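Shared between the two complexes below is chain A, which pairs with chain B and chain C, respectively.
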Partner chain A sequence: MEKINHILADTLKIPFERTKENLGMDDVDHWDSLSHMNLIVAIEDAFGIELSGDDIAEMTTFNAIRTTISKYI
Partner chain B sequence: MELRQAHIIITGAGSGFGKAMALYFSSKGASVFALDINGTSLSKLKKEDKTVHTYTCDVSNNGDVEEVVDTLFQNHSGINVLINNAGIMKNAPLVNVLNRPDGRHSMALWDEVIQVNQNGVFYMARSFINNMIKKRNKGVVINMSSIAATGNAGQTAYSASKAAVEAMTKVWAKELGVFGIRSVAIAPGFMNTMGTHEALEKTMLDKWVSKTPLNRTGAIEEVILAAQFAIENDFYNGEVLGLNGGLVL
Partner chain C sequence: MLDNYHYNLGQLFNKIAFDNPNFIAIKAIDGTLTTYKELQELSNKIAHYLSTLSIKKNDVVAILNNKTELSYALMLACLKIGAPYTNLDPKSPIERFHRMVNISQPKLLLYFQDKNSVINDFASKSVMSIDYSSDGFIKKINTNNDEFPDCNKEVHGNTPAYIMFTSGSTGFPKGVVISHLQVLNFINWSKTTYQTTTKDVFTNINPMHFDNSVFDFYASFFTGASIIPVHEYLSRNPRKLLDALNEAEPTIWFSVPSMLVYMLNMRALKSTDLPTLRIVTFGGEGFPKNHLRVLWKYWSDRIRFVNVYGPTECTCICSSYDVSNKDMEVDDLLPLGHLASGFYGLVINEQHEEVPLGETGELCIGGPNVGIGYYRDLEKTKAVFIDNPVNKTHQEQVYLSGDLVKQDLNSKIFLFCGRKDNQIKRMGYRIELEEIENAFNSIDFIKESAVVYVDNGRYASKLIACLTSDLKDEAKITEVLKKYLPSYMLPDLYFYFDDLPKNQNGKIDRLHLKKDLNS
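And then the complex of A and B:
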């Protein structure tokens, strides 16, 4: 899951250390509906998976993102 | 054209740029006709400067526009400047993947923005120019565009409406030069007004400021200077005057 932390830090422009917290969309300045799309595409590319529309809509906290990815890998 | 000889119709004059321009141009000896959909803001403007003529008018309603503009030309001679400033800024991605089951850009939001920002400018200019030509008045139409006209992510409707405003500006410059009427657009970047603070969250605005080489939002006075230049310089025509501190989207 080191890989996902790098994606979160890069896409959401937060210090790497903070990726270890369970942050949500409201906690991260750069996390809006537009950057969410960048995040989803980065995750799909990095893990070679295809997320469903419901997954994408629910992945609004770091914990939810990790739980969703673990369903696929 | 000298400001003392200017008889200026300003839309959206109840607040922000519109109000500031109304008060400034009036203080410089111009006659100002302030239009806004919001009657309360117009009453406040009138209290601040009794010489400004105020009219409640929804620019997105062609009936309203024709009535007010025709009345203005019937009752006042020498009207020679229109500042199409009324506008609304609304944001939405084309598809919001977070909204389930349907994340598509709202049709109502699209219609609302186009109706005010694009059709409003068209309705106003159409009535204004018709009266100008009948009276043989020479002058200038100034349209308030935005840096978003070049395409700002998250602003499909707003960007489209402002791109249309710039296109209309260029068309009118070509069509109306023969009547001695110029057409100019002003395209501000991120400026320090209530509208900006209402439409953009602070973090979003901070992001844009950090991308602006001058590292600040623009001041309302700087928009006034741009409009003053557009009124006073009689050879300035068909151009979009960018005012963005060096920001490129």
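And then the complex of A and C:
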């Protein structure tokens, strides 16, 4: 989980503390398409996984991201 | 029967709505439809309401646009009374928003309620502000008559239609002013180039504060076609966007290549998506060939691909290029194409002399869409809106684009070679790197800063801030930068130096930094 939180903080430019909340795309100023793309690439690199298009479509909140990643690892 | 001669955009829209009253103007994603008659009456009522607020020709109206029926009607109402509108980003950083308000000095600011809107932090009493998403606003509008406003007669071709803000190297955004006549010509160009009819359905994915939306708005509403408003939250989720668009059935798509690349990278796009589409057109930045080839494989058998080019200063688009199989065989970026009919391009050197055919120089654009200049900024206007340096017989305004181009020796089409300054494109947005550096100046512990854009195997499309600073507190830096810069301008990486390299003139050597980062 710590690893995911670091990725969220770095790519979405938010304080590390906030990654513990369940924020959604509308709660984070910097969560636009560019940072979403960076986020997905960073997750795939860090966990060595390839996410499906359907999974990516659901990854719009921190909790959904954690749930999706847990399916792969 | 209404007159076919239109010298302003209000008259043209009036004619379109009169001829096609029951045609669909807006196809909302939730299935709500708005006819031309409804949009015409609504915008007429707003036009009268604006007049009761003493808004008249040449008064600027700032709009935080949420792509609803009402927000499109606000733009149309402004056009009808000759009040130039400026669509400002509802998510603007507060300091940048203040700067755009100070430059445009709107007489009225129209906003909607949203928890993430800059309006929540904007406390200026100097601008009359109205919430157009409130019930009270609708009630007030409905007390006005729905006839086309008489004052429209006073709106002449040179009246500013809109102000579009773009990045400025001094740290202050520049407001590009475009007139009614320039947009009328643009509409004619789009009709001819895309052979649009009232049966066409345009996507409106581009944010309204972004120049590409000029095409979406004018090419659709001013030809009697339909528009599908796409809200920002939907465009961030490409699979859901495509599902919604498959239902809404667009025929013409216009976006930056980055949006299409985003859909491919997010594994959202299938070859069977958007079965009703007949044209995909893109511009604002180069389309990386590896991604273009994938899209071409998916769609080229049934969809026409058009690459377009044009600075904001020349009314959105001034050249187009139809992509063909031949373009897939080479790795170079697509050509910019031929300039639109009525335009001409000069390729000039630093002495403002034409270079021989085939040599690289700065593209200087002349023609009917060359804008009026920068709002309340004569100095910057004079620097780039200049007299045609080659014409020695009469005055003729041309725009110095800053784009380095060369012409193909045989076809004479323009090929993009780079920029002569530090402007870059990211997600299609124009960014003057100096605007980011200026934001660093407001952070007291940063001694020196230089921002470079690097796109190589090691750093893919990264904005890198090179800093000298005693404190390396990136959270604090980001907190300050967010007040001045929109998210697409925030650096991705920070590198710290004891001293930044300098050139012979003592200026920070950006090329040296870039070379180091490339090595």
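Keep this in mind: the second predicted complex is superposed on the first by the 73 of 73 C-alpha atoms of A that agree within 3 Å, B and C clash if a C-alpha of one lies under 4 Å from a C-alpha of the other, contacts with A are read in each partner's own complex, and residues count from 1 in each chain.
The rule we apply is simple: a residue touches a chain if its C-beta (ideal position, glycine included) is under 8 Å from a C-beta of that chain, and two chains touch if they have at least 3 such contacts.
Every value quoted in this text rests on a predicted model; they were computed, and no experiment measured them.
In the superposed model, more residues of chain A are touched by C than by the other of chain B and chain C. Applying the stated contact rule after C-alpha superposition, one finds that A:G53 touches each of chain B and chain C. In the superposition on chain A, contact of A:P15 is made with chain C only, not with chain B.
By the document's definition of touching, of the two partners only chain C reaches A:D26; chain B does not.
Touched by chain B in one complex and by chain C in the other are residues 29-30, 32-34, 36-37, 40, 53-54, 56-57, 60 of chain A.
Those residues of chain A that touch chain B in the complex are listed here as 29-30, 32-34, 36-37, 40, 53-54, 56-57, 60.
Here chain A touches chain C in the complex through residues 13, 15, 25-26, 29-38, 40-41, 51-54, 56-57, 60, going by the rule given at the top. On the chain C side of its complex with chain A, the touching residues are 91, 115-116, 232-233, 235-240, 258-259, 262, 265-268, 426-427, 475, 478, 482, 487-488, 490, 492. Residues 93, 96-101, 153-154, 203-204, 206-207 of chain B are the ones touching chain A in the complex.
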